[in-house]
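Chains: A, B, C and D, in written order; residue numbering restarts at 1 for each.
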Amino acid sequence: MAIPGAGIAQGMWTTLRNLFTPKVTRQYPEERPQMPERWRGRLDLIYDPFGEHKCEVCFQCAQVCPVEAIDMSGFDSQGNRIRYGMPEIYDERKDANAYRRAGLPARPMRNPVRWDEPVDEPWLRGVIEGFGARPEALVAIFGTVQERHGYLPERALRVISDRLTIHWAQVFGAAGLGGFRLLPAEGHVVTVCACAACRFAGGSELLDALTDELGIGPGEATPDGAFSLETATDVGAGAIAPAIRIDTLVYGPITPEQARHLVSERRRAAGPAASAATAAATGARA
Amino acid sequence: MAGGLVRALSDRFPELADTLWTDEDTVEIQVEGSRNVEVLQAVRDDAELGFWWLADAAAVDYGPDRDDPRFEVVYHLFSDRHPAWLRIRARVDRADPRIPTITGLWEGAMFHEREMYDMMGIVFEGNRDLRRIYMSPDYRSFPQRKDFLLPDDAADSAAAGVVPLERPETWDLSRFREGLTSAAAATYPPTAERTGTEQEVEGGETLADQSRPR
Amino acid sequence: MTAVDPEIRIPDPIELDRAEEERLAARFGTAPGSANEYAGFETVGIPDRPPQTEREAEMYSLEEGEMLLNMGPQHPSTHGVMRLVLKIRGEVVTDLDPVLGYLHRGIEKLCENATYTTVLTYVDPMDYMSAMHNEHAPAIAFEKLYGIKAPPRAEYIRALVVELNRVFSHGLMMGFLALDMGGITPILYGFINRDDTVELLASISGQRMLFNFFRVGGVNWDVNDEFINRLSRWRAEVGKAIDDNIALMTQNEIFTQRTKGMGVLTADQAISLGVSGPNLRASGVPFDVRKAHPYSIYPELEFEVITRPEGDTYARYLQRVAEIEQSLHLIDQIVDRMPHGPVQAQVPGIIRPRPGRAFAAIESPRGFYSVYAISDGGPNPYRFRMRDPSFISLQVMPKLMPGHLIADTMAIMASLDPIMGGVDK
Amino acid sequence: MDVGELLLGVGRFVLATTLLLLLTVPTAFIVIQIELKVIAQMQLRFGPNRVGPWGMFQSTIHGFKVLAKEDTTPDQADRPTFTMAPWMVFMAAAMSMLVIPWAPGLVAVESSISVVYFFAVLGLSVVGLLVAGWASYNKYSLLGGLRSAAQMVSYEIPLTLSVVGLVILTGSLSFTEMIEWQRVNGWGIAWQWWAFPIFFIAATAEINRTPFDMVEADSEIVAGFATEYSGMRFGFFFFAEYVALFIMSAILVTLFFGGWLIPFVELPDGILGTVMGLLSFFIKTYFFVFVAVWMRTTLPRVRVDQLMSMAWKWLLPLALVNLFVTAAIVLIFNLQPVGGA
């Protein structure tokens, strides 16, 4: 440092010089940046040549997203509005944990065995080999597994993914689409939204209708365990009030008749025995 | 490539010679967890080996579904005399995961060990700051163990329910209370000599000495 | 409508307020608003539980005249979300405790559940100032595990983008250092340089910040005309912003007064504490992974390992400036020698290496960045361990700080250049 | 003194104070606008350019935004003092505007001791800052308040002492008479060029501008005394700071650069002279505002101990030496004050 203050003077000169040099800021809306041709900063849904979305609302992307950032809704093949997003994910997995951290008593996990269900791995590998370990046989393998276990356990899906060299998100998505069960067969959980919006829009009528249909009150389960009825304020579908959620799918806005239809549809799928039991319970109640 | 190192190691530790393993740029030995300080100090201070730089210290959980459930604390060391990394795998019992600390050799192992404690639940005996580092202090699980279920509720997993480590019987508060006078505030600005503050604060006994396993 | 579970009881807000008031009263001895309301003021910040370790007991026991000061997690200059608990006597820091974990995302655990290919996307946001380096180490480790080599052209492109990344990372560090000392301009000049550089990198990788450019066995894309054009323009202009910063800082008397002799880290201390990279070299230890354990194409390139004897904040600053020069020199060489050929080796979609272990280390702008990957033969790594240099560098703080002023705390921390994304993983 | 004269005096005072209080707000807006724009341009940015033509209403919008924000008080704060502190700081700045000579004949209060009044009132703001720091119940605020007390009290002394040389030369304590003296004898900078740097540095420190903005060092103690303030109370601090910058520049111009004088031009009497004087005064004053902004762009902050040692080890001895040398010269050469009593 030769002269005291020389460094400061140098800095002052630099800033003064820059006062008169051209500025580098881009004035965004007027001045568009030239994006590199390889730019992949924008997400877009792809359209087919007829102008339709190619997205089929299969939720595969939402299920595999590690940060759970994807929230999507759409219509299933019967025109029901379905949704998969934060409330569904959090209600399923995280809610109890949040309660526990807050020092509050938490309800038990609904299906604690789901992630840790043991599967008969040698048998499963045998099944896969029996189909020649071909990816085309995926649905057939699912069918065999469901026949044995009653549903598709998570570990079985992992093994299938591992053996068939298909990414597990794809396996999971295929299992979710094809009418297979991802939960043990016992118990659909029907949740009626009790948020203010839904109650205004007729949520209590929904609840009454479902109580009548199932023969149980909120917080109870049918004797055969095929259905349980709950209310919750976190169905999280304020825009589609009134809403109900059956397992992980949210339906809304729906009328009491539609709700009855949804439940009876599932009862049919569960088999004659279950529906007979429910009917017996309903009759006893009546 | 690392022939000289292999020879030097098998000379130095003949009892470990059958655990030697090499690949293109690494030489590996396996030791029992209780011997880690001895072996690390030997390879650090040995004139021929001279592994002066602790590159990494990590824990690996060979989980309950393995035939030999165990933890391993893996040290990677660097020496400018050998063109290979030295990897020392120290075996830790999975049921009672305890191992001596190496903060007496490298103070920088402190954060490594805190992370291993936080993530795996391995207790480093003699480490004077074995707290959780990433998770909150009241967290009751060790998230990087293999029996910790990722998509599931942490509190439901098998690694849950561990009581945080509190061992007040090991503290001797009077020791640092004496040394901790207002010396730190006495002179300003600090000189180059004063930056070795731990010598002064601890009253002549260096931090490294204290944290050496007793 | 009834609640789902009668056991769940959410306390009334008013009740919570009252409980909070009682807690405060118990803590401070008196109800708020009374005459002695400042009693206990200096102890705010001591945890509500018994200390868990000896060090914690030492840190959180106050002498007469000492006060705890929580710097962060929301503070203008803590480089992301870190909390420093300072024990101060007046303005002099007598002890310090870094509290981490506010940005912890469990990346190691995530990576253990991802395939080898997708791991490279997870590691990007670790040390977000040098995402290319974050990808480099896992790529090398997985190639060792899988037993393949990237083609020479891929290695050259890797070295090129990595050195470009180093230039803007060091350039920004100059700005952050000045910002933490109250100079508001260098950070903007640093960002001019950074914006130019990340757009250059975006033209080859498609992203500005988290590039996701490396692949196991090569890189995602070859260089194209656009990149080459931008690179030559960038090379001509890169000096200006950095020179402006040097003019603003290096000779400035206020800057030198505040950095020379501050936070002196001796060579022995630095080695013992695991400090690496420019911080270690500024303490006089010539340890650079590119020379000490050459990887990629660095054995073929010519560069020096610069060291400085002082080990103070100013030396750490000058070290960065000198390393920018070295990186530009390396970039020139790489561009001159770039071979032709493919940029990606043949690898399947899901990689299943044989069971084994691999260790790979690189020199990131913050120092020694290493990856230890274990394969059990499956599609996911059995264990994926990353050693982030800024995480280890942070434990220098309690050693360097005592005796310095609060103002120096920020300057010294900025000179260590920790990035919280990497620290908290 | 009859009643009519008294009423006239009171009326004049009320009018003048009202006008000056009203003037503080646009002054603060203009200074903030200069700061926003100049710093941006020096940093190779455009700065505000959306609100109004060339973005010139940006600072005004900031002011209204501050007015519209919620005004919170911490639970543990000492409410009366917490509420009073911004008012004290702002009034200190506004009251010191009373004695600034804007143009020939245009001064709110013509006082024979306006120099003393000015430094006394401006020093009051330290009380407000200290109170704000204490009352907030926040450690950062406390540190900021203590820093402000130490810094401003230390720098009062060299600041005031560096002016005493001029007072000896001119033989007057009135700003108007000092300007009159400078009209005859040349600007103060020519006579007291060694006192100018002392005054400049001390003034920068006194109004907490970079590189001496220890009091609200954002990278160290968040916002110092203002950490817990929000809404218009924070706005008062903010305004006071920028008004103080303007006032310091004005006084610097008055003392060393001839106030409203224009070199080699004799101002005509009447309204034309007033306008020319006002223009000259504002151009000079805003030049020094620009210099302060320029310094803020360029320089990092000094450390608190360096700041104090600079005040006590360098500026104070230099100011004292200046005082003695000036007095000796006046005695030896028997210089007669011109305009003074």
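Keep this in mind: contacts are C-beta pairs under 8 Å (C-beta built on N, C-alpha and C of every residue); 3 or more make two chains touch, one makes a residue touch a chain.
Just so you know, these numbers come straight off a predicted model, no measurement behind them.
By number of C-beta pairs in contact, B-C leads over the other of B-C and C-D. Here the chain at the heart of the structure, going by C-alpha means, is C.
Subunit B and subunit C have CA centres that are 22 Å apart. Between subunit C and subunit D the centroid-to-centroid distance comes to 43 Å (mean Cα coordinates, whole Å). Mean C-alpha position of subunit A lies 42 Å from that of subunit B.
For the pair subunit B and subunit D, the distance between mean C-alpha positions equals 59 Å. The set of subunit D residues that touch two or more partner chains comprises 42-45, 297-299, 305. Touching of two or more other chains is recorded for residues 110, 185, 192, 248-249, 252, 254-255, 405 of subunit C. In subunit A, the residues touching two or more other chains are 8, 11, 14-15, 18, 24. Remark: subunit C residues 47, 49-58, 61, 63, 65, 89-90, 92, 94-95, 100-101, 104, 106, 108-110, 113, 144, 261-266, 269, 271-275, 287, 292-293, 356-359, 361, 368, 370, 372, 374, 383, 385, 387, 391-392, 394-395, 399-400, 402-405, 424-425 touch subunit B in the complex.
The residues of subunit D lying in touch with subunit A in their complex are 38, 41-46, 49, 294-295, 297-299. Looking at the complex, you find that subunit A touches subunit C at residues 1, 4-8, 10-11, 13-15, 18, 24, 36-41, 66, 99, 104-107, 162, 165, 167, 194, 199, 203-204, 207, 218-219, 230-232. Remark: subunit C residues 1-5, 7-10, 110, 114-115, 122, 185, 192, 199, 202-208, 221, 224, 226, 244, 247-256, 349-350, 378-379 touch subunit A in the complex.
Those residues of subunit A lying in contact with subunit D across their complex are 8, 11-12, 14-16, 18-19, 21, 23-25, 27.
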